[in-house]
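This is the structure I have questions about; it appears just below.
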Amino acid sequence: MIERMILIGYGGQGMMLFGRLLARVAMLDGKQVTFFPSYGTEVRGGAACYHLIVSTEEIFSPVVEEADTIIVMNQPSYLKLKNYLMPSSHLFLNSSLVKEAESFGEVKNIYRIPATEIANELGNVVASNMVMMGAYNTVKNLVPLPLFLDCLKSSLSGRKAPLFEINKLALLRGKEYVKKVYLKGEKTLEVSVV
Amino acid sequence: MIERMILIGYGGQGMMLFGRLLARVAMLDGKQVTFFPSYGTEVRGGAACYHLIVSTEEIFSPVVEEADTIIVMNQPSYLKLKNYLMPSSHLFLNSSLVKEAESFGEVKNIYRIPATEIANELGNVVASNMVMMGAYNTVKNLVPLPLFLDCLKSSLSGRKAPLFEINKLALLRGKEYVKKVYLKGEKTLEVSVV
Amino acid sequence: MVMVRIDKELCKGCELCIPFCPYNSLNMSRNLNEYGLPTVYFKEGHPCSGCRHCAVMCPEAAIEILE
Amino acid sequence: MVMVRIDKELCKGCELCIPFCPYNSLNMSRNLNEYGLPTVYFKEGHPCSGCRHCAVMCPEAAIEILE
Amino acid sequence: MQALYRAPETLLRVPTHYCPGCGHGIVQRLLAEIIDEWGIRGKTIGLAPVGCAVLAYNYLDIDMSEAAHGRPPAVATGIKRVYPDNIVFSYQGDGDLAAIGMAEIIHAASRAENITVIFANNAIYGMTNGQLAPTTLLNQRTTTTPEGRNPLTHGYPLRVCELLATLDGASFIARTSLSSPKNVLQTKEAIKKGFKTQIEKKGFSLIEVLSPCPVYWRMSPVDSLKFIEEKMTQTYPLGVFKDWGKKEL
Amino acid sequence: MQALYRAPETLLRVPTHYCPGCGHGIVQRLLAEIIDEWGIRGKTIGLAPVGCAVLAYNYLDIDMSEAAHGRPPAVATGIKRVYPDNIVFSYQGDGDLAAIGMAEIIHAASRAENITVIFANNAIYGMTNGQLAPTTLLNQRTTTTPEGRNPLTHGYPLRVCELLATLDGASFIARTSLSSPKNVLQTKEAIKKGFKTQIEKKGFSLIEVLSPCPVYWRMSPVDSLKFIEEKMTQTYPLGVFKDWGKKEL
Amino acid sequence: MKSSNNKKQLLTGNEAAAEAAILAGCRYYYGYPITPQNELVNHMAIRMPQVGGTFLQAESEIAAIYMAYGSAAAGARVMTSSSSPGISLMQEGISYLAGSELPCVIVNMQRGGPGLGDISPSQADYFQAVKGGGHGDYRTIVLAPASVQEIADLVYDAFDLADRYRNPVMLLGDAQLGQMMEPVELKKIPRTQQTPRWAVTGAEGRARNIIKSFYPVKGELEAFNIRLQRKYKVVEQKEVRYEEVNTERAEIILVAYGTCARICKEALRRISGTGLQIGLLRPISLWPFPKEPLRRLAKKAKAFCVVEMSSGQMLEDVKLAVLNRCPVHFYGRMGGGVPSSKEVIKKVLNILAPEESTLELEMSEISQELGKGLYFSTIP
Amino acid sequence: MKSSNNKKQLLTGNEAAAEAAILAGCRYYYGYPITPQNELVNHMAIRMPQVGGTFLQAESEIAAIYMAYGSAAAGARVMTSSSSPGISLMQEGISYLAGSELPCVIVNMQRGGPGLGDISPSQADYFQAVKGGGHGDYRTIVLAPASVQEIADLVYDAFDLADRYRNPVMLLGDAQLGQMMEPVELKKIPRTQQTPRWAVTGAEGRARNIIKSFYPVKGELEAFNIRLQRKYKVVEQKEVRYEEVNTERAEIILVAYGTCARICKEALRRISGTGLQIGLLRPISLWPFPKEPLRRLAKKAKAFCVVEMSSGQMLEDVKLAVLNRCPVHFYGRMGGGVPSSKEVIKKVLNILAPEESTLELEMSEISQELGKGLYFSTIP
C-alpha cells in the first residue's frame, strides 16, 4: 500500500506537528515513511506545505506528484492544491476558512470539516489540526488510533502536557463530525492498495 | 637584437629602479621591452630578482630562461644565479659583497665591480646600482647614455632632485672602473645580434 | 466625531493596539480573516479621542482614524 | 667586567640599540654583512653598566651581554 | 471627514509577511511616514537586509536594493558614493548587523560614511527560526541556547550603540524602543534625526530600535512589549549615545 | 662569564625576514623571553597572522598555526576549545585585526574567549607595501593615501582598545609601545598580564603594541621611535583600558 | 510495533548528519544558521553539551570555517555546515584547509541560487564543490547521499576519509534531503578521536608542529602541490563510490545523484514492466567521480541521460568520462525546481524517439514553459 | 626617440588595468591590498581623485565586492580587483552580482595556492572563474589577456560586456601579467557612464526600481534562472574570442591562455624552421570558451597539448570541446611554477614520439623531479 499526502496551511496552524506525528506513528507501525516540508519561501507567514508518504515498500521519490490525500487548512493554501489532484484523491478542506471558488472536476471524495470552528469551541484554535486528523484517519484508517494517541501524548511532555486532553478531544470531534456528515454509518474506507 | 637580463639583489639595493629605468629608456629608444619582478616570496627582506628583455622584435615569453646578462648585487643572490647562465652570458658581480665560492665553468665574461665600495665613497650606498649600470652599459652598450641620463633626471624629481648628481657620478665611476680594469682601451663590445 | 476604521484584510490580530487605548475602545473579534487569523474591531459607540495610540502601534498600518 | 657581543650575521644595522646606551658605547661600523647591510659594534674600551637597554631594543636579538 | 491618521502613501497596501505583532512592521511604517512627511520619496534609497525584513522592498514604494547577509553598510557605501546628495539608509537586524556584518558596520561608522542605519534589535534570529543573536540577553532561551545564554560558552550580549559611540566617524547614535506609543514616536524622532544628520552631511548615524519578535520570544505580542520595557532595556538602556547636534548647540 | 642578557632559547637563531628596525622582531623576542621565563613552551600554542609577521613560526620554537588574513581569533577559538588548559595566543597586525578581521576580534572578545591577542599596530600595511590601515593617523601618507589620510574619504583612525574595552567579555585590554627600553619592558609586563588572565581563565585579553615600520613610514628606525612617542601616542594613548585584576584587588 | 523499525529514529537529514557526526567521534561543531540546514545547527546545540562536546554558534560562516580550521589543527574531529550562500563564504577557508592538509567535514544543504535565491532544493553548487570554488589546485572529497539513512552513513565515513587523507570532505545534500524526515538506524560503532602526531597541542617534550599553507621558498609550493596531486590520485583510485540499478541490460542509462537519483528510481519503478530498458548510475562520491563505471557502461548503452537540479553541471563530468563513445542527454530543473518522475520518463521517451539532437544541453520543457514570454531585459 | 613608441607608456599590467578602467568611464573603484595586484590598488588611489572618481580602500575583499555591488546597483561603472585568496572571499558577492544582474568588472591576478600559497604566478583559479566558485547556476564572462597591452584593451571591453549583459566580467590575469611592465598605448576612446534605467537613483518622478536576487514565490526563481541561461546562450554565441597561430598546417596544436600562451609562442619561434608543424590556439575569452574553433581544428590536427600553470583545469574544457576526436595531452606546472619554452618543446617532441600514453593528466617532468622523494605523510 502507499498513501501519498499533501498537508497545507498557514504557518501557525500546526500542520508540521501533524505531519511529523503521523510519520512517526506510521514508522512505529512498521511502514516506510518520508515527510518533508516544501515551504514556498525563506520568509515567514506564507503557506507551509508538507509532503508525506507512507508505504509498505521502499519509497523512492519523496515528492508527492499526485496525492492520494490532500488536507487544506486555509484560503491561500486552497489556491495551491490543484496541481496535486487526481480523480481518486481524497480532499479534506477546513471549511471554516476555505471559501471554495471553483469545482474540483472529477474529484469525488471531498470532506468539508469546520475544523477551526470546532477547535475554537474547544477553546484552542490550534487544535484544528487534530480535528482534521480525526476526520482524516476515520476516513482512510492510515494508522492505529491508540498508537497515534500514545505518540501524541509523548510529544506533549512537560509544560505542554495539559494540552493532551484538548487535542485528544479535538481528534474525537473530527472523527464524530466526519462520521456524522459523510460516512453516515458506512464502514470506513479501506486504504487503497496500489 | 635581443638582450635578456637578470638583475638580482637585496630588497633595498635599488635594482627595481635600475630595471625600470633601463626598460623605459629602451622603450623610448624604440625597442620592445618587458620587465618584471620575480620575487621569491610575499615576505620582506629576501632576494629580489628582475627579468628584463629588450628586443627589436616582438617579445613572446617575458621569462628569461637563459640570460645574456646577469647582474648580482650581494651574496645570497649570488647563490641563485646559476640556473640562468650560458657560456656566452655576461656576468656582473658586485664584488664588494659577493664572495665567490665556485667557478662559473665556461662563462668568460665576468666583471667584478666593487659597486658598494665605490658608492660608499661617493657617500650614498644605494647608488651602487648606478655604478653597476655604468659598468654594464659600457660593456654592452644597450642604451644611449644621454637618453638614460635624461630619464634618470626626470625620475628624480622633487625632493629627490639633489640625488641626480651623485647618481650620475656613480654611473660614470662604474664606467671608468670597467674600462680601466676590463676593457683596457679596447673598443667596447657591440651588442650581440641574435 | 472620531471614527476608527480597521482593515480586516491587513489586521493580524496582534492586539498591540488594544492596551494603549485610553478608552478601552478596541477589542478582539472571534472572526478570522482568510489566513485564519482573528482581527480587532472598534467597539461600536465607544469613545475615541483621536489620540492615535492605536495607529502608532499597529505593525500592519491597518488602522485609519477619521474625524 | 661587562662584555657586549653583537652577532654580525644577525645584526641589520637598524641602530635602535645606539641611542639608549647611557655610555654611548655602541656605534655603526662601515662593514657590511653578506646582505649588504652595515652592522653595529661595541666601542672597544668603552664602559658598559650591563643595563641591557641595547638588548631590550634589538629586534634581531643580536646582542648578548656577559659579565 | 478628515484623517487624523492614515497609512502613509509610501507604504504599499499589501499584507506583510511578518508574524502578528512583529516590530519590523512598525519601523517600516515609521520610515514611510517620514518619507511622506518630508516629501523625500524621490531621493531616498533603501537597503533591505537578509533577515525577516528581507522583503521590505515589497512594502516601501521607493528605490531599494537587496544586500547580502551582513553587507548593507558596504552596499550603502557603494550607492552613497555615487549619489552623495541622496538619502541612503540601510535596514538591518541584529544577526545581520551585529554578527556577520560587524566589520562592515564598524568600518562604515569609522569612515564617517554619510548614511543612516536603522538597526532592529530583536535579540534573536527571526528568519532562521529563533537562534542566538549577539544581542540575545543572558539566560534567554533560543533554539541554539536551549538552556539559556550562558556567557561562558556563548559570550555576552553585545551593545552596539556603546561600541559604535567610541568611533570618531559616528555622529548620531541612539537607542529607542517600540514598547509604547511614546517610544514608537521617539523612534520616529530619532530616525528623523538620523536622516537630518545625513542630509547635513555630518557623517554616520545609527538608530537601534528594540523590537519585538513575539514568535521566537514565545510570548504574546503584548507581553513582548513588557519584556522590552522590563528586561531588554536593562541590558540595552535607551538614550542618545552620540550626537553631533549637541556639540553644535 | 655569566649572561646578563642572552637571546631566549625559544627564539630560533636564524636571520629574520623583517626590515631593519622593525618592531615585530622586538615583540617576538619578548614572547620568547616570557615563554622561557615561565617554562611554558610545552603548553603554548601560537597563531601567526598574514602580514609581515607571517613567518613568526620560523622564529618561535613552539607549536604554531597559520591563520588566514583576519581570522586568527577564530582559529585560536577552535584551538582553545580543544585545549582549554593550554595558552593560546594570536599575533596580529592592524590590517589583519582591525580591517578584515574586525568581526572576528570583536566576537572573540565579546565571547570572553579565553585567549591572548598580541596586536602589533604599526598604522600601515607592511607586507603589501605600505597601504592605509584602519589605524593610520590623520594626514599620514601611505601608498593609498598619497596626499595623507583625509577623514572625509578614508575615515578616522580606529582605536581598537577603546572599542574592545566596551565589551563585557574583554578582561584585560592595554596599549603599550616599543619607543624606548622602558616601554618595551612595559610591553613585556602587559603580555605577561595577558597570559596570566588566560591562565586564570578570566577571559579575553589583548595587548596593543605601537610598533615601528620604518620602511613604510619612510623614516629611520630611530626616528620611527620618536614618531611613536610624539605622534602616534596622541591618537593612541598608552594605558590599561580594562583590567579584571583591578576589580579584584 | 514491527520489530524492523525498532532501532530506528525518525530524523530529518540535518539531524541525522548531526547524530552521525557525534557517533563518529566529532566533538566540535561550529556553525551559523541558514535555511535549509538550521535543524543541523539547532540539533547540535542540544546534543553537543549532552555528549561533552563543544557547540559554538559562530558570528559568520567565515568564522565557523576558521574555528573548524583551528580545532582541526588541534587534531580534533570537527564539523561545520551551511547552505549555498554560506558555503560560498567558506571558499577561502576550504582552500586553506586543503592547503594546510587539515581534516574537516563540511555539510552543504544546497538551496536555489544564484545570490539570495530561495530555500528550495538545488544541485547548482556541484561545480563549486567538485571543481573547487576556492583558489588553487586542491580537491575536496565530495559525497552525495540520497536518503536520510545514507546521510548518516556517509557523514560517519566522511570523518574517516578526512582523517585518512588529511583533507576536507564535503557532504553535498540539498534542501530536500536536509529537511526530509525518514527512519534512520545509527548502526555504526561509536568512535573516539585519537590526536594525530602532526597536530598543534603544545610542544611538550617533542619538536614543535607547524600548521601552514605558506610556501614562500621558490619550488617548495610546487613540490607541495605535486604531493597534493599524488594524494588526490590515490583518492581517485581508492575512494570511488556509486550505485548501479538495472544497468545490465539498459539501453538508456540515467545518471543522477542525491534527490534526483531517487526521482529517477521512481521513474524506473513506474516504467518497470513496460519493456523499456532503462538503468541508473548513481554517483555517491562526486569527487572522485565514477569515471570508470561510466566508461564501461558507455560500451554497451545506447545513450546516457543526466538528470540534475541545475543547468547541467555534473553533465560535464559525465561527458568527460563518456567522451564521444555514446550520446549524453540532459534533463535539468533549476532554481528550486525539482524534476518529477513523469518528466524524467517523458525525457527518456523523447530520447528513444530519434529526431532529437544529442549532446547539447537541453532545458527541460517544463522549464521552457515557465520561461516563456519572459522579458529579456539585458541585451540592448 | 623612435616615433612608434611615442604614445606609449611603460606600465605594469596592474597599472594598465587601472588606466583602461578610467578610460572606459569607470569612476568607482573599491579594493583591498594583496600581492600581486597591489599596484592596481595603489595606482587607483592616485588616479581616481585626479579624474574626479572615487577610490576607496575597503576593509576587506568582502566589503569591496559589496561596495562594488552598491555602485553597480546605482548604475555606475565600477571595478574591484584582488588575487586568489581575496577572490575566494568574493565568491558569494559574485554570485549575488550575477543573481541581481549587475554589471561589474573584477580583476584576479592569480597567485599560487591553495591556502596562503605564495605570490608567484598561477592559473589554478580557472575552475573558480570559469565554472563559478560561488553558489548557483550563474556564469561570469572571463577574459584572459596575455600582455599588458591586452590587459588595457580587455579591461576596456570588459566594461562594455558587463553593461551589455548586466553581468559580472572577470579579467583573469596572473602575478606575472600584473607585475610585468610593457609599453602600452591607451588607444580607445574615453567613455562616460550613462545611468541605466533600472538603477536605484531615487525614484524621482518614476516607478521605483528594485535590485534583488531573491525569488521566494514558487516558480519565479526557476523562471529567472531560465532567463539567465538564455542570456548566457547569447553570450556564448556572440562573445567568443581567441587567437590562432600557425594552426593551418599544424600537427600538434598547443592550447594555452595568458602567460602560458606567450611561452608557447616562444616555443613556436624556437622551433620555427625545424620542420615541426606546431600551432597554438589561445583562448582569450575563457567563458564563453572557444569550443567551435577547437572542434574545427580537431578534424585535422593529430593531437592537442594544453599548457597551463595548474594541474589541468582548462584541460577539461578542451577535452569537452574536442571529445574523442583527437588526443589531448597536457603539460602543467603548479604552485608558482612557470613552464619554460624548452619544457614545452620537450613535451611536444615527446608527444610526437608515440610511446606515450594519451588523454591522462601528465605531470611535468620537472615537477616530477621536484616532487621526487617527497614525504607522503597523509595516508596511514
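A, B, C, D, E, F, G and H are the chain letters, set down in written order, and residue numbers restart from 1 in every chain.
By definition in this document, a residue touches a chain if its C-beta (ideal position, glycine included) is under 8 Å from a C-beta of that chain, and two chains touch if they have at least 3 such contacts.
Computed from a prediction, not measured in an experiment: that's the story for all the values here.
Within the contact network of the assembly, the step distance from subunit C to subunit E comes to 1.
When chain pairs are compared by contacting C-beta pairs, G-H ranks highest.
In this assembly, the C-alpha centroid of subunit C lies 84 Å from the C-alpha centroid of subunit D. Note on chain placement: the centre of subunit F and the centre of subunit H lie 38 Å apart, centres being C-alpha means. Centre-to-centre separation between subunit D and subunit H, using Cα means, comes to 52 Å.
Averaging C-alpha coordinates per chain places the centre of subunit A 34 Å away from that of subunit G. For subunit A, residues touching at least two other chains, in rising order: 41-43, 46. Within subunit D, contacts with two or more other chains are made by residues 35, 37. Residues of subunit F in contact with two or more other chains: 16, 18-19, 54-55, 66, 68, 99-100, 102-103, 107, 127, 134, 154.
Of all residues in subunit E, those touching subunit H in their complex are 41-45, 48, 54-55, 57, 61-68, 71, 74-83, 86, 103-104, 107.
Subunit B makes touch with subunit H in their complex at residues 20, 23-24, 27-30, 32-39, 41-42, 60-63, 65, 147. Here subunit G touches subunit H in the complex through residues 62, 84-85, 87-89, 91-92, 95-101, 110, 112-118, 120, 122, 124-125, 127-128, 131-138, 164-167, 198, 212-216, 218-219, 221-231, 234, 310-311, 313, 316, 319-320, 323-325, 333-337, 363, 367-368, 370-371, 374-380, going by the rule given at the top.
Per the touch definition, subunit F reaches subunit E in the complex via residues 99-103, 106-107, 110-113, 134, 151-152, 154-159, 162-163, 166-169.
Subunit C meets subunit A in the complex at residues 30, 32, 34-38.
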